[in-house]
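Pasting a structure below so you can have a look.
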Amino acid sequence: MNSFGRIFRISIFGESHGESVGVVIDGCPAGLPLTVEDFLPDLERRKGGKQKGTTPRQEEDLPIFKSGVFHDKTTGAPITILFENKNTRSSDYEKQRDFPRPGHADFVAQKKFGGNEDYRGSGHFSGRLTVSLVAAGVIAKKLLSLKTTHFHDKANNDSASSVQKDETFDGINILSKILEIGGEADLDKGLQKAIDSKDSIGGIIECRVNGLPAGLGEPFFDSVESQIAHIVFAIPAVRGVEFGTGFAAAKMFGSEHNDAIENPEGKTRTNHAGGVVGGLTNGNEMVFRIAIKPTSSTPKEQNTLNWTTGKVENTSVKGRHDLCIALRVPVILESVTAIVLADLMMLEQKIPRVISVSSSVS
Amino acid sequence: MNSFGRIFRISIFGESHGESVGVVIDGCPAGLPLTVEDFLPDLERRKGGKQKGTTPRQEEDLPIFKSGVFHDKTTGAPITILFENKNTRSSDYEKQRDFPRPGHADFVAQKKFGGNEDYRGSGHFSGRLTVSLVAAGVIAKKLLSLKTTHFHDKANNDSASSVQKDETFDGINILSKILEIGGEADLDKGLQKAIDSKDSIGGIIECRVNGLPAGLGEPFFDSVESQIAHIVFAIPAVRGVEFGTGFAAAKMFGSEHNDAIENPEGKTRTNHAGGVVGGLTNGNEMVFRIAIKPTSSTPKEQNTLNWTTGKVENTSVKGRHDLCIALRVPVILESVTAIVLADLMMLEQKIPRVISVSSSVS
Amino acid sequence: MNSFGRIFRISIFGESHGESVGVVIDGCPAGLPLTVEDFLPDLERRKGGKQKGTTPRQEEDLPIFKSGVFHDKTTGAPITILFENKNTRSSDYEKQRDFPRPGHADFVAQKKFGGNEDYRGSGHFSGRLTVSLVAAGVIAKKLLSLKTTHFHDKANNDSASSVQKDETFDGINILSKILEIGGEADLDKGLQKAIDSKDSIGGIIECRVNGLPAGLGEPFFDSVESQIAHIVFAIPAVRGVEFGTGFAAAKMFGSEHNDAIENPEGKTRTNHAGGVVGGLTNGNEMVFRIAIKPTSSTPKEQNTLNWTTGKVENTSVKGRHDLCIALRVPVILESVTAIVLADLMMLEQKIPRVISVSSSVS
Amino acid sequence: MNSFGRIFRISIFGESHGESVGVVIDGCPAGLPLTVEDFLPDLERRKGGKQKGTTPRQEEDLPIFKSGVFHDKTTGAPITILFENKNTRSSDYEKQRDFPRPGHADFVAQKKFGGNEDYRGSGHFSGRLTVSLVAAGVIAKKLLSLKTTHFHDKANNDSASSVQKDETFDGINILSKILEIGGEADLDKGLQKAIDSKDSIGGIIECRVNGLPAGLGEPFFDSVESQIAHIVFAIPAVRGVEFGTGFAAAKMFGSEHNDAIENPEGKTRTNHAGGVVGGLTNGNEMVFRIAIKPTSSTPKEQNTLNWTTGKVENTSVKGRHDLCIALRVPVILESVTAIVLADLMMLEQKIPRVISVSSSVS
């Protein structure tokens, strides 16, 4: 399905070279201030064309509100955001229709949809759709940044004077960065390697989340790891995900890997768990990493099947592509993480269904 | 939630030291032959106690059908399977109530459920619940093993003579194995390392699936990778998952990583993609790996908080535990993979809703 | 599917003459006091055998907790409740296998499940499964009966002294009663009519809910009416549902039907809307009615197909049946209503995820 | 939630006086021919302004495809259809902001969304959104109209010559009509009554479905009745739904109400069940009725609260409204019925996931 989430639920649609791409967000609390300006920084981060290694294709990427926003606030009704596809050169792709490009969805899409799919620029499978994820992520991040205080009535006697402060959130902060490109921690060096080889290259991105309460995640199937892994693999080109020490944990002894709990808030001495134990956040920093494969489209010629002749031929993939798609992924990774966490925070009743005037929104 | 799946949908329940654990399977096709004997081999594989490195705790693990099976066949109604917990020694755990065991769900469960959780032996967070996954997996595997032929009517003229054979499935085969223990491909060696150190140890498991049609998986969020990653992280102790070349892909050039398509069935020369492109199966072998952390309970004493005193103390974790939980995971990994694939095959209409007498069931 | 609900989610299973029937409740808040005794009054109300017009079949109907309850409280993990089927006489049904009983699911179940269904006593389609609904309803009612007070921090300055009482719930109360049997408001008279005619008879049940906050229900598809209607039609024998003035509204003028709002809490002068406007509760009493068809099994002989001979024959339906199933429905109607409302109250964050010691549970 | 359906899944969005209303349809089979022209007849039927009794507000209602359609066929990706709101006069509503209109969602929306809702012309609660239901219904109807033949291989020996014709569908036909207006079977008479009284009036609509296979619907909660009732109550102004004999069944004897089965296809002598037994279609005509309340906006002045003064005052509801909204409902009722049935037919594997060239689409 093209939807994700239980309470804060997003549905994305669109094709790379179609009319538009967009997202519908259902279940967003009412009263959240929201303007086009809120979206620009993250949309800018996602764009190619500024860094070496990213595509020269540039979309304006201005979000167009089609529903759910009124007087610069969310209404509680579904929010529809559209992005028009203006900067397309479909002719690049028409020529390649005969060849299912290696590493791309061309072949599998044809098998699944019987040739009816919009094949231009990977159509619905395109990385272009991540603009919708980023837009939904902007809203999720705003929700997570709310500073809230929860109270409870100790004696249940309906008198405000008996109220006890329960817990306070200063907001949740999510930050992704690229750890390495082509195996190099010096990103420029990794990138230059690809440019020199006239080839594309992969990378590894890390995401760190601070300010999380303990207990987010649902046993047995909806652990924080399960949900983040689920949505992370919706980002095109992701090939692996690991939490905390991750694959390295498989080589460790238990006494090394275990994180000693040091205080009643659950602070641990080390953080091999990456902030997730038993599928639930434990109140420490959440840390996870994803692997991004090299862009499938490379400047080099490649072998692949010619559907018309039925033979393997050489072809070069036209179109404007990123040498290293990993460069654009950090903001997308933050976005999908925010989408999962906003949903869990609502389920846990830590984000209210109506944002009141007195709540602070950063 | 404790449920997973869209058409073939499982719900698991139970606690390690409670009355029982079990599973309800909703949406299973009617007419599938099913007896207790079908479950025994996989349940046996999951059990500890035979290999060095696994727990001396032994449950009989006999599945008790409570609904959905009639005359040794599935009826189409929900199948409920119960496993009684007979071999429990809860007293081991009562003593440890003061200490949230490092690496276990004790602390987070208390935070989430306010102290109401059944804390004995990790309660609902226990690896004991994987017996339910294995039981559901047995049914899913039987469905996947069906040999089926699909036909279509070329001219749509309602005459059987115009019928064309569409596609044939010889059944889908899933096989997991342990690649390494504690970093050693010689599993005995890795295990001995832990025994010598009086410590626990982790491992890496690989799963390979053959016989898959191309096109399984749903854009954008329900890719095969998303769904497998989702359910895989429901297995306690999993810390990472990677498909095909996985994390190593992040260091490769595109021209190396791309798998050239060689024939109209989509056979590729190499299989760096691990059989999944664009989130869909591509008809080649599906390959993925998971990392299992070392068992959190170790024979060694560990530092942790004493909830009563509020201080960090030394404690040793009583109970009967596996030195290397990874030893028990291969059959569980096969099971959850089968659960995902059975659901996708039903969605794709490649497993019928009623298994007819003429279908072959292995 | 055999599941219902988004946060408070129930899954039912079982067959009339199988091993057992039962229910799994996922998402129930932790900390709710729960014992077998809580269930007995409503289970008793549902039972036949005491009133004229109900079946002589009597089940003991003792709920057996299989998971999710620990130290007489809910744990937050799935609650599994089993009811054993002790008092069955399947031989009654084996004889009737040749005849799909008119008004029963025999024919459609055979069509859907290809003859694999458990046909004894309607199998999974039996009214016997409503015992699971009543069990889930008992828990839902306990949640709805909680008296809670919500606070908010007017100035968001983290000081308890600035806290304002937000809203108080005294608990939600649900009450169903039979309005008429066979068209007679004098129930005994309606029932006697059926006894005299050696026939079965239908009836109309009304449900009234008090103490509801305004705003429950979700646009566009998950209105209160949509959700109640959905679950109400899961009760066997229901043929219609209407809210407020219902079908009679179709004959009214707008100026008659509209309920004038009289105060800021939304109290209305009349209640033609039955407490639901725009799909949301409006804070007034919720009122709706359902129509129950006469029991399909009648003492009289009936015409139906003989599957073996392919001819229409006379047959009499053996088994022990209610003359008027409507007599047993009021408690079931309350139960399903409570299930819907508990889910909506959790979504609306008006029932907490952990019931604290200071909350009052009636 | 603003989504409905399990496989064929629709999400609607928009507000009466906002930028636009629309729908995303996920899970529609690929290859279905689709053009703007397909939508015009049903959109025309839904429009007001032609009949006496309907609103003079006229929208152009041209569907704009934003995704999922390529070369005049569905692609298998989500289909997004937008309708721009051109013909709005919001100033009518700004004046009424002080008064929650009786019978409208003004009051409950304010309670639920804290005053952030778009209140103009009922905003997201407006009947305007039914244009999205009709658009989705057009696609669902096209799917249901497909003529298909299913085959199975009797001996499972992979030879086309052994293939047996399994079942043939000539397409499913859905037809709604108004049974009465204001209690009058002569619709003009009922309407004139309202015009003469300067008031609004309600009505009753019946829907009949032919060509259904037996066995559609899922026990226990997703019966055909449950699903149709669920979506029917999403249509604004619906107050009741009944199947077959409906509420009248409550007055009948079992021997009268039961429909004798007459042949192996399940044809019944009478159809009191309205084609649904045990929650499943039985292969006979499906018949159900809904009650529509009189339009809440009436030309007459009405009493209601003034939010500013806190007092009850007289107000007249401005805006352009239907005297009898029931006049526009038949096509909407057909649409939502088609949406439910398309989903069930896909679940039952009776509509394929790819529509092949040889399938006939009417």
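We call the chains A, B, C and D, going by the order they appear; numbering starts again at 1 in every chain.
Rule of thumb we're sticking to: a contact is a pair of C-beta atoms (placed from the backbone, for glycine too) under 8 Å apart; a residue touches a chain by one contact, two chains touch by 3 or more.
Just so we're clear, the structure is a prediction, and the values are computed from it rather than from any experiment.
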item: Relative to chain C, chain with the most remote C-alpha centre; value: A
item: Chain pair with the higher count of C-beta pairs in contact (A-D, A-B); value: A-B
item: Separation of mean Cα positions, chain B and chain A [Å, integer]; value: 26
item: Rounded Å distance, chain A centre to chain C centre (Cα mean); value: 41
item: Distance from the mean Cα position of chain D to that of chain A, given in whole angstrom; value: 35
item: Shared interface positions of chain A, touching two or more other chains; value: 1-3, 12, 77, 112, 124, 219, 356
item: Of chain C, residues touching chain B in the complex; value: 1-3, 9, 11-15, 18-22, 24, 26-27, 30-31, 65-68, 70-71, 73-80, 82, 112-114, 116-118, 123-124, 354, 356
item: Residue ranges of chain D touching chain C (in the complex, touch as defined); value: 1-4, 6, 12, 100, 102-105, 107-109, 111-112, 122, 124-125, 129, 180, 182-183, 194, 197, 199-204, 214-215, 218-223, 225-227, 229-234, 236, 238-264, 266, 268-269, 273, 277-283, 291-298, 300, 302-305, 307, 310, 312, 326
item: Chain C residues touching chain A - in the complex, by the definition given at the top; value: 6-7, 77, 147, 149, 151-156, 158, 160-161, 163-165, 168, 219, 347-349, 352-353, 356, 358-360
